[in-house]
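A, B and C label the chains in the order they appear, each numbered from 1.
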Amino acid sequence: MFRGLVLLAGVALSACKGEVAARELRVSAAMSLKEALVGLEPDFEARHPGVDVVFNFAGSQILAGQIAEGAPVDVFVAADEPQMRRAIASGRIEAAERFARNRLVLITPVGDSGVAGPGDLAAPGLRLVLAGPSVPAGAYARVALQQLGVAEAALANLVSNEENVRGVVGKVSAGEADAGIVYATDVTPAVAGKLRVLPLAVDVSPVYEAAVLKDSPQPALAQAFVAELRGPGGQAALAKHGFLPP
Amino acid sequence: MSLRTGRPGQAHAVLGVLGGAALVFFALPLVALIGRVTPAELWAQLGAPAVQRALWLSLEVSLISLGLCVVFGFPLAFVLARVAFPGRALARGLVSLPMVLPPVVGGIALLAAFGRRGLLGGMLERIGVVLPFTTAGAVLAVTFVAMPFLVTTLEGALATVDPRLEQAAATLGASRWRVLWTVTLPAIRPSMAAGLALCWARGLGEFGATITFAGNFEGRTQTMPLAVYDALQADPEAAITLGLVLLAVSLTLLMALRGHIGRRR
Amino acid sequence: MSLVVDVRVQRGAFVLELAFALPDGCTAALVGPNGSGKSTLVDLLAGLVPAMRGSVVLDGRVLERAPALRVAPQGRGLGVVFQGLALFPSLTALDNVAYGLRARGMKRAEARAEARAWLARFEIEALAERRPGELSGGQAQRVALARAMIVRPPLLLLDEPLSALDVEARASARMMLREWLAAAPGVKLVVTHELEDARAVADYLLVLEGGRLIAQGPIDAVLADPPPFLAAMLRRAG
């Protein structure tokens, strides 16, 4: 959120000058897409010389709020439908296109943490961390817990509602929490060594959608970015980071 | 005080304009906030159970923290001001550190020290004390960021107390404690009021260290600033109202505090 | 003999070394140029600065015997009026005067009653509820004096007691000071750089220069055969 505000200020100030320096393409994207999109950036910029893609990563609920408040953004990439619908309701987006899916996994700190499966989430005294209920990852996690039949007991063990899914990763990898539910793609190489990852047999489909803002000053470029996400280059990059096709 | 050199009218005008601009700078966001919320909405939010929980928690955490700041901070200020020990300059720097650290970094540092895998975490857990994700943890986070404000204010004030006053009291037969209570403390009363107000206000508004170290959980660690931030993500209008509630409560208590202690009885 | 002093005191690069004795009931004046060590001597007697060598004995009781024995200021039972007076700004004049009695455990009402009597003695009873900030120089000086004398100290130290007064007020103040000191028990030591003050109130004179006593004795005797700088002061005083 803080980075979003700084971006807002910076963009606003540069807008005051009457022009955007070096053709910036401003993309607000869900935190879980960070590595994948940053990986995509060089190829896109190579294919569109003179363009600098500037990312604003945060929980989708924060980004949707910023868009509703009028933040100058060209592309919005959300991690669930409710947040995208919220952005559409603001009137600044016409329609969104799906481009990827994700899976949920259960993570625990490496070492003996006493969690072998979802059933253990009900154990008394366990410290569970999830993303907050309005964060897409948090909403998905709660649906998953319902489907697993442990929602009530597990939520009784909830000790914190993080503002984005990476907060969950942070708390679990540091050993402060005993378990968390995150996207499979959040187990990046940087943290993989500190986590044990357990699959979840649930029918929850985190869906990613991208949309161009109606008032974007460079609609063609924005559309090209969305097309890139859905095209072979983008899909390959996303797959490399663990995302599933739409 | 009138400025006697040059053209006094001009100097006053410049000061007035700049000072006035600063005042407007502070007043404008406040006025904008007030303008967005109707009294009915404000009252409705004040009645909401989640808001009341956050308010009470904020008051509880900030006041306990203030108590800790006084109990530990005043002796520290005294030592820093009066005792010349080796490494005093370093100690002063350490005490000032939380004031310049981004609060989130403070929270991370606290995790490194008191978290389950932290320096003292293992020891604490063995005796049954767990700090992250608890109200006690929130108190710790708030104390960490707020105490330096009290210590530095008090230290400055103690250093300016006329030593002759304390010496006179001593020659009249007053024990060290009596001197402290009847001469030193009354002499720094205005600074003490300012320090306490600053410390408490900083604690009430603390966000970054709290959310990082203690987490975000209603009723346990979700103080008002965290509640406002939460609301901001789902319902910005509610966030504005909550922000105003926090503002109103803080302002009232601050004014009461400064008026009560700062005034000479 | 009531006050016997024989010490060497070091303060930074400055060395004060002297020996003298004052009988009970005596009022002595300590004169000397600036920087001669007058305030250092007051601090030594009050117990605020240690002696390197020597001893201070008051009424037969050892207050200090360097290097091992040193009674803290709280325990010496002296009355001190510092230069600048050091009145407690947060207390009223009455509570300032009562302070020493309260410190000795006297009940509040009793202490205040006695303080009021002392204020009356100094003709400032009407100022009882005023704060030091609301007093004139002369009024504050009387409060400071009352505060020091109320505990009936065996040794009363006054550091430049009349310095806050202008020339006219000073003359009458001298007379009153003389009266009050004469009536007070114990040894009284008045530090001053004004010879007129010394002549008005004291019967004994100590002359300090460069950290040493260059003359001491009954005041008339010393003034009859003054050391050089004192002679100069006498000439200026006319």
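Just so it is clear, a contact is a pair of C-beta atoms (placed from the backbone, for glycine too) under 8 Å apart; a residue touches a chain by one contact, two chains touch by 3 or more.
None of these values were measured; they are calculated from a predicted model.
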Exercise. Please give the intersection of the contact partners of subunit A with those of subunit B.
Key: none
Quiz item: Central chain, going by Cα centroids?
Solution: B
Quiz item: Taking each chain's centre as the mean of its Cα atoms, which chain lies farthest from subunit B?
Solution: C
Quiz prompt | Length of the line joining the C-alpha centres of subunit A and subunit B, rounded to whole Å | solution = 35
Practice problem: With chain centres taken as the means of their Cα atoms, state the distance from subunit B to subunit C in Å. | Solution: 46
Quiz item: Between subunit A and subunit C, what is the separation of their C-alpha centroids in Å?
Solution: 79
Practice problem: Please list all residues of subunit B that touch 2 or more other chains. | Solution: none
Quiz item: What does subunit B use to touch subunit A in their complex?
Solution: 111, 115-117, 132-133, 211, 215-217, 220-221, 229-230, 232-234, 236
Quiz prompt | Residue ranges of subunit A in contact with subunit B within the complex | solution = 1, 59, 61-62, 65, 68-69, 127, 129, 132, 134-135, 158-163, 171, 174-177
Quiz prompt | subunit B residues within the subunit C interface of the complex | solution = 162, 164-165, 167-175, 178, 182-183, 186-187, 189, 264
Quiz item: Touching subunit B in the complex: which residues of subunit C?
Solution: 46-48, 72-80, 82, 84, 86, 88-91, 99-100, 103-104, 147-148, 151
